[in-house]
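Look at the two complexes coming up: subunit A is in both, with subunit B in one and subunit C in the other.
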Partner chain A sequence: MKIQRLAIIARKETCDHITSKKFLLLLLMLSIVVGIGAITGINDYQSNLDRYKSGDSSSVPSPLSIISSITEVIGYYGFGAIIAIALGFDLISGEKETKSLRSLLSHPVYRDEIINGKAIGGIAALTIAITVVFMLVFALFLIQGIVPTLYELGLMLIIWLITIIFLASNFALALMASVIAGSSSNALILSLIILFVLSFFIPVFSARVAVYTMLGEDPRDEITIVRYYADSDEDDEYLELLEEKQQDYDQKRFAIHEISSLFSIQHNYYVLTGVFAKPSWDCIDGTPMLSLKEVINQVWSQLLFFLLYPSLFFGIAYVKFMRMDLR
Partner chain B sequence: MTADRVILIAKKEFNDYITSKRYIALLVMLLIITGISVCSEFDIYRMQLADYSTSGSTTMDEDGNINTGLADYRPAPINLFSGITGGLASSVFGALIAIAMGFDAITKERESGSIKSLFSHPVYRDEVINGKAIGGILALTLAVTTVFMITVAILLINSIVPGLDEWPGIFLLWFVSVLFLVSCFAMAIMTSVFARTSGMSLIYALIIFFAFAYLAPAIAPSVSGYILGPDPMADMRDDISYEDYELLIEETKSYYTSEWEITNIINHLSIKCNYGQIGDAITNPFFLWNRGVGNGYRLDYAEMGISFEDFMGKVGSNILMMFIFPAVFFGISYVRFMRMDLR
Partner chain C sequence: MIRTENLTKEYNGNCVVDHLNMEIKEGEVFGFLGPNGAGKTTTILMLTGMIEPTEGICLIDGIDVARNPLKAKEVIGYLPEDVGFYGNMTGKDNLDYFAKFYGIYPDKREERIDYLLDLVRLNGVTQTVGGYSRGMNQRLGLAQALLNDPKVVILDEPTANLDPEGVAQFRKIIRKISDEGKTILICSHILSEIKQVCRTLGILSQGKMVAQGTTEEVEEQLREQSNIPMKITIESIKPLPELSHPDILEIHKTENRAEISVNRDIRRELSSQLQEASNGIIEMHLEKPGLEQLFLKVYRRD
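The block that comes next holds the complex of A and B.
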């Protein structure tokens, strides 16, 4: 693998992406939704600031709360996943379908250069898209006369980075599907199904099944009835026992849900950005109460899974592509 | 166009759909999504029923006496069906079955070159596209019917029997659910007529789905905030007089009522919101009827006496939109397909 050839392919891919109609359309939609969300956020910020000035509220509003309009659109509404998958799903299968892959590989270029170049090109295009959106929000800040402090800028940078990793995970997922599947449309369906399994099937369905099979009946209904009819000491004792059982049950259920939701890329993104965008560990005067290390301690498992996905997906795509039979 | 040939194509398309692996996989996915949703509703139902059977719900009778109970409302079997609405409308995965069925309806024929050989037979273009649409709609109807049948079966196994007065509601919900999926299907057919490759068609279908599902609810709060200005409660001061306070409360009430109305109007542009609204009106009427201008007490579903006119007044426009979306999408794809240059 040579850096030079890699750079050529990556540059060509980036240019292809950012000049395509599909990319521009998605970016436009993203900007509209984020822009409108940011304007609402800024209005809220201004009214909170007024309340703080008049002494009705004791907490200083933070411009970071406005950033959550970006993370919400990308994570919750799923724009991020769609943009990333749209850029990645036909990278290899498209070349296979138009048979350009053969002519490409007949040039003096190695397979790993192609797949790495494509991945770098796609991630670069996604970085551009996200930077545009962040710049847009930042410009709106400055127009409204809101200037974030250096500390808040640092946090914004972290959120920006997390967002790029989030998009890169989805992109790597689509790239993997595009290597595995025979046609582009099957690649797209496959990546949506994997996304469904990771973000819905495991965290919701499997967690439910696990709760039912491992923990049994929820004692809540019995508590309601016993509490309503309780009139003797015996009943009260029984009630206490049930309440203890309930506490135990809730704890275990919470743990199961916590573990199974680690599989969801979207949920990890939500938790990680939440930690930085709405810093509950933030002190009133704007200096951090907890150090970065302590914060990361709280969310290390989410962070681990969050970083695991892009490498896993890309690893599979890489190996599969290197060994692909092209006849 | 003769009916014979349309039926022939529709039948062939229908058979192709329901025997394909993709349809089966997506149907399983649909059943899982709605199944989970219905299960959560079932938990709530059981909790409410336990509360209701001990103390009843908090309601006001005709004389104004308030009965305080633990339950939020009297649970009815039809509440469980809101799980289906929630499952179908809450994420892109619910609509995916419809989108996945339609996105390559035309592009696949073009890619494989079979459309030319198809048109070399004595068959008209409108027969082809109508046949494809009818075949797809039938397959979707089958999928939705399966979901409803399984839900009803699970209810019956758990000895929950919907009352006679609930069946029209269930049937209406079934019909609206089919319409919801048909809208998504027509949208995918439209992109499949426009796009050159199946992959692009699917991406465009997803983009348009997002635009028509999430854009309106995402921008609605901003728009209403822009039109109405800040919440009147922001003028609240500690030294306010009682009369001013009363006035402020009134203003706030009307503020939130008009905010809700504006949001509601904008949400008509979203397929998902229309479907959700109708689903709420059928399965959880107490939520919908108390929203905006709530009277504070949730009434028992059975005692609310909501007539069909009340229902249509509340969500008639939503139902209309549910017809408009598929008609527009299908109309565009029809015209475009008829004029398509096929060389």
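The block that comes next holds the complex of A and C.
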């Protein structure tokens, strides 16, 4: 792989993305939705500040709470996934359809340079999009006279980085689908199916199935009945036993849900950005209560899965593309 | 310039190209023929370094393509069948993008692209490739195949989608680049086209080269396989005598004229027989079956 050839492809891909109507339209939509979210967040921030100033509240509001409005739109409402998938789903399948891939490969360029260049170009375009959105929110901060501290700016930068990785995950998912599927429409459907399975099917549906099959019936119903009819010491002892059983059940159910939620890119993004956007480890007199290392220790499993996904999706896309039949 | 040794490609146990041995000399214009599914495109993809052979080697200008695909691509120009481009870019931008991979300096690049666009009559076209007709696309494909001023030009169905004027223009370009000493391999189904531009031919069937040589040599090889007889037409001054020869298959005779189906050219023998009968010959000519007829006879899949 040669850097010059990689750069030629990456530059072309980035230009193609950022000058496409699709990208500009999605960026406009994202900016409007994030802008509205940010204005609502700013209003909440101002009223919280007023309550703090009047002594009604003891906690100082943080501009970071406004940032959570961005991450909510990008993660929870799925705008990030939509943009990333929209940019990636036809990258390879589209070239196969228009037959430009064979033309490109007839010139001195390796396949890995093509797939890497396309990935870099797409991630660069997403970085530009998300930077524009963050800059927009930052501009709104300044217009409203909200000046974040250096510490808050640092946290914003971390959230920005997490957001880029989140978008890169979804983009890599679409790129993988684009390599696997025979056509762009199939690639789009495949991307959405995988997204649905990871975001909903595994964390919600299969978690419920796992809870039911592994833990059995929820003891809560039995507790209600026993509590209603309890009239002896034996009943009280049995109730205590059931309550212990329920605690154990709840702990195990929570663990199953936690584990199954790790498969959701959105959930991991939500947890990771939540740690930085709504920090429970906030400062006392400018000194953070917890160190970054301690915070990462709390969310290491989410962080691991969060970083695993783009690598896994891109890895599959890479291997499949290298072995793709060009006939 | 192009040489393959036992070149083989298998897909899921199916041998698509089977121990192919082929040699094309420098400056030759070689026609690569074969029915659909014969393995032509797979061979071309191996020659252009886009897929790796299962066995054997292919050498382009002495470069082992599988080992040095990039080096080989620097001396090859390839026009794929149904060539595709980036529809959102102009023809010039498409060529410029591909030309960057050869490390040509921007001013030289622009000069070369302008020359090629002029050659394929696409100079001054400012619309994006998405709006091109199929013929324009094909002409741009030919320009992209010549971007690096290659020593070897491989053209897969180059005249498909071209109108008669485009075909004539294409022939002119082929002659021009052939005169420059380039080795050209043309893969086509249009046999008349191949016969017009190619000096040598190779016919691939079920992954094997079944006939190779000059156009005449290949015709002869095919004729032997096809068993299509030749036809000798004779017109004499006097009524024709009884003509006999072991290679005569059938005679349709009127008084002074005969159409004789034969296994081989026996004009000399027939001429002697007529001379012996003191008969003067007004006309005697041999009709050989055409390349297309022979090709269809040998490779038609009924």
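As a working rule, the second predicted complex is superposed on the first by the 323 of 327 C-alpha atoms of A that agree within 3 Å, B and C clash if a C-alpha of one lies under 4 Å from a C-alpha of the other, contacts with A are read in each partner's own complex, and residues count from 1 in each chain.
Throughout what follows, contacts are C-beta pairs under 8 Å (C-beta built on N, C-alpha and C of every residue); 3 or more make two chains touch, one makes a residue touch a chain.
Note that the structure is predicted; figures quoted are calculated from it, not measured.
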| item | value |
| --- | --- |
| Clash or fit, subunit B versus subunit C on superposed subunit A | fit |
| Which of subunit B and subunit C A:78 touches, first, second, both or neither | first |
| Contacts of A:161 with subunit B and subunit C, given as first, second, both or neither | neither |
| When both partners are placed on the shared chain, which of subunit B and subunit C touches more of subunit A | B |
| Partner chain in contact with A:104 - subunit B first, subunit C second, else both or neither | second |
| Partner chain in contact with A:326 - subunit B first, subunit C second, else both or neither | second |
| Which superposed partner A:200 touches (first subunit B, second subunit C, both, neither) | first |
| Angle at subunit A between subunit B and subunit C, C-alpha centres, nearest 10 degrees | 90 |
| Partner chain(s) touched by A:4 [first = subunit B, second = subunit C, both, neither] | second |
| Distance of closest approach, subunit C and subunit B, by C-alpha atoms in Å | 11 |
| Subunit C-contacting residues of subunit A that also contact subunit B | none |
| Parts of subunit A lying in touch with subunit B, wherever the complex brings them together | 22, 25-26, 29, 32-33, 36-37, 39-40, 43, 47, 50-51, 73, 77-79, 82, 86, 89-90, 93-94, 97, 183-185, 187-189, 192-193, 196, 200-201, 204-205, 208, 218, 220-221, 224-225, 228-229 |
| Of all residues in subunit A, those that touch subunit C in their complex | 4-5, 8, 12, 16, 20, 95, 98-110, 325-327 |
| Parts of subunit B lying in touch with subunit A, wherever the complex brings them together | 22, 25, 29, 32-33, 36, 39, 43, 46-47, 50-51, 54-55, 70, 91-93, 96, 100, 103-104, 197-204, 206-207, 210-211, 214-215, 218-219, 221-223, 225-226, 230, 234 |
| In the complex, subunit C residues that touch subunit A | 11, 41-42, 45, 48, 50-51, 69-71, 73-74, 76, 78, 80, 82-88, 97-98, 100-103, 141, 144-145, 147-148 |
